[in-house]
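In the two complexes that follow, subunit A is the common piece, with subunit B as its partner first and subunit C second.
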Partner chain A sequence: MAVSETVAAVQPAATPTQPKPGRKRRGRNAAYWLYLLPGAVLFILVIGAPLVGTLYLSLTKWSGIGDPRWVGLDNYQQLLHDDVFWASFRNTVWMLVAMVVVPTLLGLLLAAVLFDVIGRRFKPRTAAALRAAFYLPQVLPVVVAGIVWGWILRPDGAFNSLLDAVGLGALRHDWLGDPDTALPAVMAVMIWVQIGYPVVVFMAALQRVDPELYEAAEVDGANWVHRFRAITLPQIRPETFVVALTCTIAALKVFGPIFALTRGGPENATNVPSYFAYYTFFKKLQVGYGSAISTVLTLIIVVVAVLFIWMQARSERRDRGF
Partner chain B sequence: MAVITPAPVRGPVRDRHHRGVSRWIVLALVVLGALVMLVPFAFMLLNAFKSPGDYSSAGPLSWPTEFYTKGLRTYWTEVNFPLKLWNSTLIAGSVAVLGVAVSLLNAYALGIGRVRGRLWIVGLFLLANMLPQEALIYPLYYVAKAIGLYNTQLSVIIIFTVIQSAFGTYLLASVMGTFPRSLLEAAALDGAGKWTVLWRVVFPNLRPTLAVLLIFFFIWTWNEFLIPLVMLIDNQTQTIPVALASLQGDRLMDAPTTNAGALISLVPAILFFLIFQRTLARGITAGAEK
Partner chain C sequence: MQRFRRLVAALALAATATTTVAACGGGDNGDDSGAKTLKLWHYESETSAMGVGWNRAIEIFKTEHPGVEVRFERKAFEQIQQNAGMIINSSEGPDIMEYNKGNATAGLLSSQGLLSDLSAEADKRGWAGKLSPSLQTTARYSDKGVMGSGKWFGVPNYGEYVTVYYNKDLFERNGVKVPTTMADMTAAMDTFVGKGITPLGMAGAEYPAGQLFYQLALSKADRQFVDNYQLYKNPVDFKADPLKYGAATFADWVKKGYVAKDSASLKAEDMGTAFIGGKVPMIVSGSWWYGRFKTEMKANWDTFLFPGNTLQAGSSGNLWVVPENSKAKSLAYDFIDITLRPEIQDLIGNNGGVPVAADASKISDPKDRKLIEDFNTVSKSDGLAFYPDWPVPGYYDVLVGGFQGLINGSKSPDQVLDSIAKPYADGVKEITGK
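== the complex of A and B ==
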């Protein structure tokens, strides 16, 4: 699931002060509720009610047929002692490394190099072409990416042939089939998938920066590292927040690539909460237990999102000197 | 433009010289990185036109001995690709249009109407967009079965219209929050009602943003996997990613067919991206300049 770059365009929601609501004004505003009606009804039907449903089901035992049986917090208690559940969250931490930490850091570096070195010392077209190469994996449906990589990493796939060709045949391996290498292999694929997103967003952000800032710094004798720390990083901080938030959410929810690459295997080495919930719902037909997994995942995502937004708001307030 | 500032007095000549070499090293490193990114695509192309016999005898790295298109044709007919293409287009296209329409109405009430509690409402929509779809899927699946929407494209269209418009509402509400008040007031003085203001004043002004949103909704929905996987079980209704993944699950496909399938599945996405990338780039810059 490709994360958006529009997000980068979103300036923190402006909150203009509301004009004093005279009685007449409030009356006029009330009519706007009508425009919210279709969206609100759809929202309640497709998001609100199912969410409440999942919450309720997480307190029951149910196979999807007959009536759910109320069991209170039993499912959650069971989760605490479920090794697969803990394994799936451990793997999520690794997915955060592969989908947030590495792409954001590499993306910062690449965007800065493409913009500040290659874009200015070579033709802008060169930078644009290189940017496109890094962005291309974002265009392809992530399941298709998973299937191609699944084949590349197979015992008879392209990666092993490549190792043979360069004389490293001794390293041949069933990369996705061995519990020791499956997770690193999946992580490598996710870095490949994700890297283009921060590069494109950060490069768009750098267009905003006044070129004179860089030139002045250069005249003052600032080297590249100085310029990167003193100009590039502070200038694109808002975008860094947005990229980190959207990538974190995507990493917590990751499903398609896992389904296409490993189906959580071998021996749960690549299982993640999303896939674990899907499997529990539709393969094991334990709807109550699956709902408990989904509920925990939802809670974590909401907490992370709120935390991020709060941190962003705080850092913006500090910037404005409050 | 590569403007190389003349070295100031204190800039030693050696340093400028040094920089001239290092920029080529940097370029070489970045080009190398870009090539690594493209290698999987090269593998895909190379093996999509290879016969299974050729693949098993000469391996994945060799040049194809003949221009073999049976893999492509097998995939095309086996999964009934034209039908899958139509399903994907129908679903993604409907979601894009409906999602933008719903976002526009919601954001009009929130961003321009500034109804009470709008910050909370926008926050709610934003969180809804971040929810894991697992938290919704079972009740949606169960209800869809109960009311006969299971295994129909309509079920997926409705669900994604709401999910995408949750994001669209957040984006458009913040854009409309900065909409020039004077334009609205002038229209109101001319006696325009809210409906007229929406379509005659707000809509034309937001058209570029709406276009970007339309394209994103289309691409996101096109690439979605979990909900279509659960909702669309039939060959008649499946989308391209679901069809490709379920075929792969059967282990029926040899390596060339896998690659041919991936290649064909990739083409619409790339075409769409190439056609609209200018619009996208414009949208991003427009947002950044605000």
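== the complex of A and C ==
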């Protein structure tokens, strides 16, 4: 018997004065919308209106003062032929490696080791302390971290002194000043900044995995690698999606560390779209062109986010078997 | 009797109305002599030469304008730099404000009608006579906002220029004489290199590299070049001297070790602290360092003009501007006038600044006096050539990127000149429409 039939059998017949169930549900739904209203208003004010404004400005030529002049898609056409714009997106691919790929993989491994090895062999407090240590860079304001790393990596900074101290003085280098080493140096800093976030999320995820699964696997003779592949990875897949999505968005719009460390230099070697948009907008006073860069960046982030959410939903459906 | 009273009342009313109407009529011309408040914003620190001078100017203003309240707010440079357009366009802005000189700043705002035309006041109050032609360049802007000619939209009352700071102790210890010609300069640098000392402090990530390049270029330049480059009077060929000489010599100086090859990522602050710490014997930089070195440096030091140059990077300091929306324009003009008086000018000079209209003999410290005399020499001979990044908005970062390439050796002088020529041409086209 269908559930609806059972409910109908139990409930008394509706009288003409009582509202129909459908109408009641609609009324209840309307009440839900009231709760969403403040959020919707804020969304329109803080995100929607600026977004529409930026889109409009991207179709104009404007120095920030006076009236914008409508130029249609000119700014977008100019973008297609702008070498710096494409260079900034090439650098973004490397930032994705530094802020998504490496931290997610490394974070997964570290979380598994902390949870499954350190947590079992030592006191749980040891694992918690190490987790906090990995997370520390996330607590630091990113500009402060950038400035400190700038000091470390400067020609007479701590890193070069360390190289001297261990007899590798020949490797001394202007790490952030040379176009060949600036991007790898920035990537290394970003890995350091990012690593704590996946470690914390994955460790929290591992705590909800049924310990019996691991025990059963151990009884069956599965070693750590087998357990990691067969239990850990599939069990924390939802968190992996969340980490990958949030880190991808962070990598696409990264600005603070670039501003603090290199200002996109040397010779655009570390330029990224958000810094390029800022520079065009505020330094070159090309507000329309800067808005076009921001619009393209927003569009890419939205597409990537939708793609991730769709993939996650599909993965969940597959797990549930429908 | 009653009729008489009515007549007196009517006459009084008419007289009041006439006065009021006259006052209103004057309002259109900015006659706001009845204003009781002057809102004043600037971004100089309290202890800087200008900060000290202007604090005193505010005191004098208050004495001379009893009943007028001065509402002073100290702002951050960046705050004004990025928001001036919006601030001035609103009714909440100041009546008088310190603002950045140049086409992309004061020029842009003036072209949009946001700044008051000060031409009549400049003539009436004699400001024009106190400022040399090269200082007036940054005060006057055309209808398109290009500096150098047209109406007065700002008034500077201090100056700045690029000079060579040297560590006297290091010079003496290494037997190096103070250079007076470029040949002396290179000989001095060779001596330091021979002793394992990098002679010139540098900071490739900020303005110092561009300014050294410009100083080198100016050694082969004349006023016509400066007018072409800064005021767009004629097209500029980046592949010819003086710019070609500037880039090639800069690269040569890096190759010879006069400039450190690993200085591309350093900032101006790093260069300044290296000089203060006695790590480098010379830096080529602006007079804005002067007060700081005077306070913080333990070693003996002094300055000399970049040898052999008749043109030097430099200009007026930033400007006093009066927003078009100002409700106290007359008071603002009075304040500007006070800052140009000898008392305030001398005060700026005696605190390590470079006044534009000071009597050098009134400056007590010989080193301060020399700084001002050097500036007066350059200014009076029409030798201020402005700064290399001024011509177009955003050019600062273009130059930084280009000269980082030369310091790293990743680009040839020709490639660097190509990389800075296109943004220049694009920017000039944007401004002039040509």
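Methods note: the second predicted complex is superposed on the first by the 286 of 322 C-alpha atoms of A that agree within 3 Å, B and C clash if a C-alpha of one lies under 4 Å from a C-alpha of the other, contacts with A are read in each partner's own complex, and residues count from 1 in each chain.
Everything that follows uses one rule, which is that a contact is a pair of C-beta atoms (placed from the backbone, for glycine too) under 8 Å apart; a residue touches a chain by one contact, two chains touch by 3 or more.
Keep in mind that this is a model prediction, so the values were computed, not measured.
In the superposed model, A:Q207 lies in contact with subunit B only, and not with subunit C. Touch criterion met: A:K284 reaches subunit C, while subunit B stays clear of it.
With both complexes superposed, B is the one of subunit B and subunit C in contact with more subunit A residues. Touch criterion met: A:F134 reaches subunit B, while subunit C stays clear of it. Of the two partner chains, subunit C is the only one touched by A:E267; subunit B is not.
In the superposition on chain A, A:G64 makes contact with both subunit B and subunit C. In the superposition on chain A, A:W175 makes contact with subunit C only, while subunit B stays out of contact range. By the touch criterion defined above, A:A305 reaches subunit B but does not reach subunit C.
In the superposition on chain A, the residues of subunit A touched by subunit B in one structure and by subunit C in the other are 64, 150, 282. Against subunit A, in their complex, subunit C makes its touches with residues 82, 85, 89, 104, 108-109, 112, 114, 204-205, 260-266, 270, 393-394, 396-397, 400-402, 404-405, 407-408, 410-411. Within the complex formed with subunit C, the residues of subunit A that make contact are 63-66, 150, 153-155, 172-180, 182, 262-268, 279-280, 282-286. Against subunit B, in their complex, subunit A makes its touches with residues 1-2, 4-6, 8-16, 18, 29-36, 38-40, 42-43, 45-47, 49-51, 53-54, 57, 64, 110, 113-114, 117-124, 126, 130, 133-134, 136-137, 139-152, 156-158, 161-162, 165, 192, 195-196, 204-205, 207-208, 215, 218-219, 221, 249, 252-253, 255-256, 259-260, 273-274, 277-278, 281-282, 287, 290-291, 293-295, 297-298, 301-302, 305. Only residues 1-5, 8, 10-11, 23, 26-27, 30-31, 33-35, 37-38, 40-41, 43-44, 47, 56, 59-61, 102-103, 105-106, 108-110, 112-116, 119, 121-122, 125-128, 130-140, 142-143, 158-159, 161-163, 165-167, 169-171, 173-174, 177-178, 194, 198, 212-213, 216, 219-220, 222-226, 229-230, 240-242, 244-245, 248, 255, 258-259, 261-262, 265-266, 269-270, 273, 280, 283-290 of subunit B touch subunit A when the two sit together in their complex.
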